[in-house]
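Each of the next two complexes has chain A plus one more chain, namely chain B in the first and chain C in the second.
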Partner chain A sequence: MTDRGLLGRDVLVLLALTGWGLALPHYASEFVVSLGLTCLMYVTLSTSWSLFCGSTRYLSLATSAFFGLGAYASALGLERQLPWASVIVIGAAIAVGVAIVMGAAVLHLRGTYFAVLTFGMTELIRHALAYFEKQVSGTVGRVLTTVPEGATVYLTVLALAVLALATSIVVRRSRFGLAMSGIGADEQRAQTLGVNTRLVKLAGFAITAGFAGAAGAAMAVRWTYIDPQTVFNPFIGFQTVLIALIGGAATLWGPLIAAIVFSLLAETLRLQLPQLYMMALGLLLILSVLYLPGGLASLRWQTVTGWWRGAGARLARGALAWRVRGAGRG
Partner chain B sequence: MSLSAWLELLASGLITGGVYALVAIGLNLQYGLMRILNISHGEFLMLGAFATWWAQAQLGISPLVMLPVSFLLLMGVGLVVHRLCFRRLAATSPNVDVFEARSLMIGFGLMFFVQNFALLLWGGDLRGYDYLTDPVVIGGAQFSGNRLLVFGCALLFSLALIALLRFTLLGKGVRALMQSPTGAQLVGIDTRRLHPLMFGIGLGLSGVAGCLLSMTYAITPSMGEPYTVTALIVITLGGFGSMTGSLLGGLLLGVVEALGMHFMSPSLKMLLSYGVFIAVLLTRPNGLFKR
Partner chain C sequence: MAECLLEACDVTVRFGGLIAVDNVSASFEAGELAGIIGPNGAGKTTFFNAISGVIAPTSGRLIASGRDLTGQRPHAYARHGIARTFQTPRVFAEMTVAANVAFGLKFAGRGRPAPWLLRDADGILELIGLADRAAMPAAGITPSQQRLLEIGMALATRPRLLLLDEVAAGLTESELESMAQLIRRIRSELDLAVVWIEHAVTTLLRHVERVLVLHQGRKIADGPPAVVVRDAEVIEAYLGDEMVETGPTGPTAHDGRAPAGAHA
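Here is the complex of A and B:
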């Protein structure tokens, strides 16, 4: 398919999905809508995560920091009766601001150092906020009293998800997106070819953070009571990374597919058998890293036949070794 | 503050530091040798703790007997995990960077799996038993016997591993592999045998640490995670791949935490460790003791 053809396909799929998302609250039950909301949240988070981390291969574990900052901004903003739209924008802006400071400090480090540092900074922000709330504000958490309607929240998160996908579609075809994949392939070469890697990385990291912050701001009202332990839950960050990786972080639709699969799995299993769900999650992650490093989106018929042939070959080798050993003894 | 109070404070820092060092050395062995940043390391510590508690509560076996048993048990688990996950991963990854990123992800998967397996099996309650709780007085300062035992054993195992690496042929092979994987293979060091063995020893050490911790603290399935984080902090303090650095870093962090908690506030403990961690990683990414 040509690039233009691909663009047409992507835009059409996005439009169809948006239409479906818009229609969902009008015919589906409340449970399905809430399932859809979770699903859209993870679509936003993992799509925006893979926009930066998938192409540059910088493994950021700071998603829960941005999400939590957005949620706190939302709680504080709603307390002061700010309008809903500005609350979302403030949440995103705070996350972007923190991302720029954090990025300036850590984006020169690669690989495991970067992953571990972003995780450490997330925990630092969480503990600092918990400490601040306890010592200065004298509270443990915050109760959200003025909450917008459920339909507004749903539409906001839907808009964020569509915006994240649209940004991803546009960025992939822009100079900026090419620069990011160039960094992912070989950072030094990209630098030599005239890419301002520092600026590109910082911008990419800030975009990811902005979406995570906005999603956090929108989703905060769902809890009605928030404290640092729930909104900075590292699990939100892990699951985002997981969804993106299992779906295929380098692809556009992979994270979306994985987000849908995971939200369904989560809602059906999590309430009855939370431990079993988490175990399945861990096992799936291991299996997907081992056998599908490109993610679900890279799954083709040849992949499956490849496993089949690999297993067959291993079996044949085993049988041969067995026979040789038998012959040696006899 | 009186002298004995100071002594008690420093000693309690050293005791926690000893356990930190033991956990960190296991993790450092895996990272320094194989580039596996095993984020599930603490979960295996938890398994060691639960194995000890279970043997003590159900079968009446002394925790001291469980010390080598949990080492061997976790070493066995380590060999199986390496065989199932990391061997294939090493064979299919195009380069070290990719291997490192993927093994980090496998670590997260293992963490979810093991932690929730334990939750399913034993439930989320706090568990514990009493062992050697009589106080011992040394130089005017008072300690409970089990804590002294924990410190002694942690130090013993850490030093034993350092001696193993420094003075034996096996250790020489491991150090050679750390310095230059290709060069070591060229002179006939067998990676396929040493890697699983060292991964197993790393997990075995975390099993020992878990066994020791269960003697003094109550245990839960979620106890492992903070220790993983602390171990990460310690190996960044001491430098990736340096075992002596990990031992010193662990003891230092224990003392810093104890002092910080005493003079500021206990709720600052995690804030303090993360602050130290980030400051060190940003300013001296090769470790505090690197010349």
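Here is the complex of A and C:
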């Protein structure tokens, strides 16, 4: 397909999501709209996560840190009667600031070390905030009393999801996006071809964090009461990574589709069979990493026929080996 | 006097207790074709790593076209006209051959003066002879084509100094010769300086105008091939056994005659 064709497809995906998101509150029940909100949150989180982590192959587990920081900023901002839009912006800005500091400290590490350190820093931030609550302000959490209407929250998260997708569409076609792909393919080679890798990684990490922070700020008001254990819940970060990996982190629509499917699955299954959902998610992750390293988005008809032929060939080899052994004995 | 593109002053690279490059000074001038030879472990590749910013030297200075780049990262070297290839081809496997070449044009090559042959990816692919492979993924071409692609990627940064690290390793005799012709052509038509590390010493000496010899991290000789191969220390350190095998008379360390391979 040509570049223009691909761009057309991406823009269609974006328009479809916007239309669907705008239409949903008009016909669906309150429960479905709240499901839709969770969907859009994971679309925002996993799309922005893949934007950086999918192309550079730096696996960040810090999503819950940025999400939690956004949520906390939101709670504190709303306590002070700040306007809603500025609450979202402050949430994003704090997450960006922390990402820059964190990135400067850990972005020279690769692979497992990077993943583990981002996770460790998330825990550090969570415990630091818990300490702050207890020792400094003498509280445990925050009660959110003045919260905006449900419709405002929904539209805010929809806007974030659309913005995340649009950013992803633009960045993938930019020099910045190419630099990130180069880093993912061979960081040192990209450097010797003129990419300022440190700057590019920092900027990419900051963009991801900004979206997670904004999403956290918007979603915080869904809880009437927040404390560090709730908003820094590592489950949010893990689920984001799982969605992106299962969907195919290198593509635009892989994480999008996976975010919708899995947040629906999560909400419905978690109510009835919580363990089953986690088991299913774990199993799917293992299967997709083993057999579909490009995620579900890389699945083509040929992949399936390839498996089929592979299985046939294995059967044939087995039969041959069996016959040869039989002949040897005879 | 020609413009000095890169000046390495007393460059030392130490890995723990091992001194990989020991106080090497050298400067490379516009338009020259120089070779670096030395036995395995002599520090050739480490020297390249140091002068392309891939590793920071333990001590010493690196000055590119009058600008001090000591301690800077590789992208700064690339943007100041120093390009390199890697011993094992490090192409972007999943991108097409054309995209691999276009990469450098979009980063270090951007805004640098563009000679006609390096105007765009097509021009570069034509030059390195991979035009018919443009749309293939880089993982799908042969290893010797990947070596050519490495050169193409480096050229896309529109360098003034091209560092080639064993681009001819593992090539057949005829491929080796056409690689040498390509390098000469690049040098003369693009008016850039080439520094070429190669294990195929006889071929290298036939094509370069100047050769540096590294031995145990030290530079033991630097000059025209015909002179260098007469150098007693060089013969002792490196050329000795190889040249005795190939040369008809076989130079002894002190007779002052050049080995046969060095004349052409």
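Convention: the second predicted complex is superposed on the first by the 319 of 330 C-alpha atoms of A that agree within 3 Å, B and C clash if a C-alpha of one lies under 4 Å from a C-alpha of the other, contacts with A are read in each partner's own complex, and residues count from 1 in each chain.
In this section, a contact is a pair of C-beta atoms (placed from the backbone, for glycine too) under 8 Å apart; a residue touches a chain by one contact, two chains touch by 3 or more.
Source: prediction; values computed, not measured.
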{"item": "Touching partner for A:A128 - first (chain B), second (chain C), both, neither", "value": "first"}
{"item": "First, second, both or neither for A:M278, with chain B first and chain C second", "value": "first"}
{"item": "Of chain B and chain C, the chain that contacts the larger number of chain A residues", "value": "B"}
{"item": "First (chain B), second (chain C), both or neither touched by A:V116", "value": "first"}
{"item": "Which of chain B and chain C A:L193 touches, first, second, both or neither", "value": "second"}
{"item": "Contacts of A:A185 with chain B and chain C, given as first, second, both or neither", "value": "second"}
{"item": "Chain C-contacting residues of chain A that also contact chain B", "value": "none"}
{"item": "Chain A - residues contacting chain B, complex", "value": "57, 59, 105-106, 109-113, 115-117, 120-121, 123-124, 127-128, 130-131, 134, 238, 241-242, 245, 274-276, 278-279, 281-286, 289-290, 293"}
{"item": "Residues of chain C that touch chain A when the two form their complex", "value": "52-54, 73-75, 77-79, 83-84, 86, 90-95, 103-104, 106-110, 153-154, 156-157"}
{"item": "Complex interface listing, chain A residues touching chain C", "value": "175, 178-179, 181-182, 185-186, 188-198"}
{"item": "Interface residues, chain B side, partner chain A - complex", "value": "37, 85, 88-89, 92, 97, 100-102, 104-106, 108-117, 119-120, 229, 232, 236, 267-268, 270-271, 274-275, 277-278, 281-282, 285"}
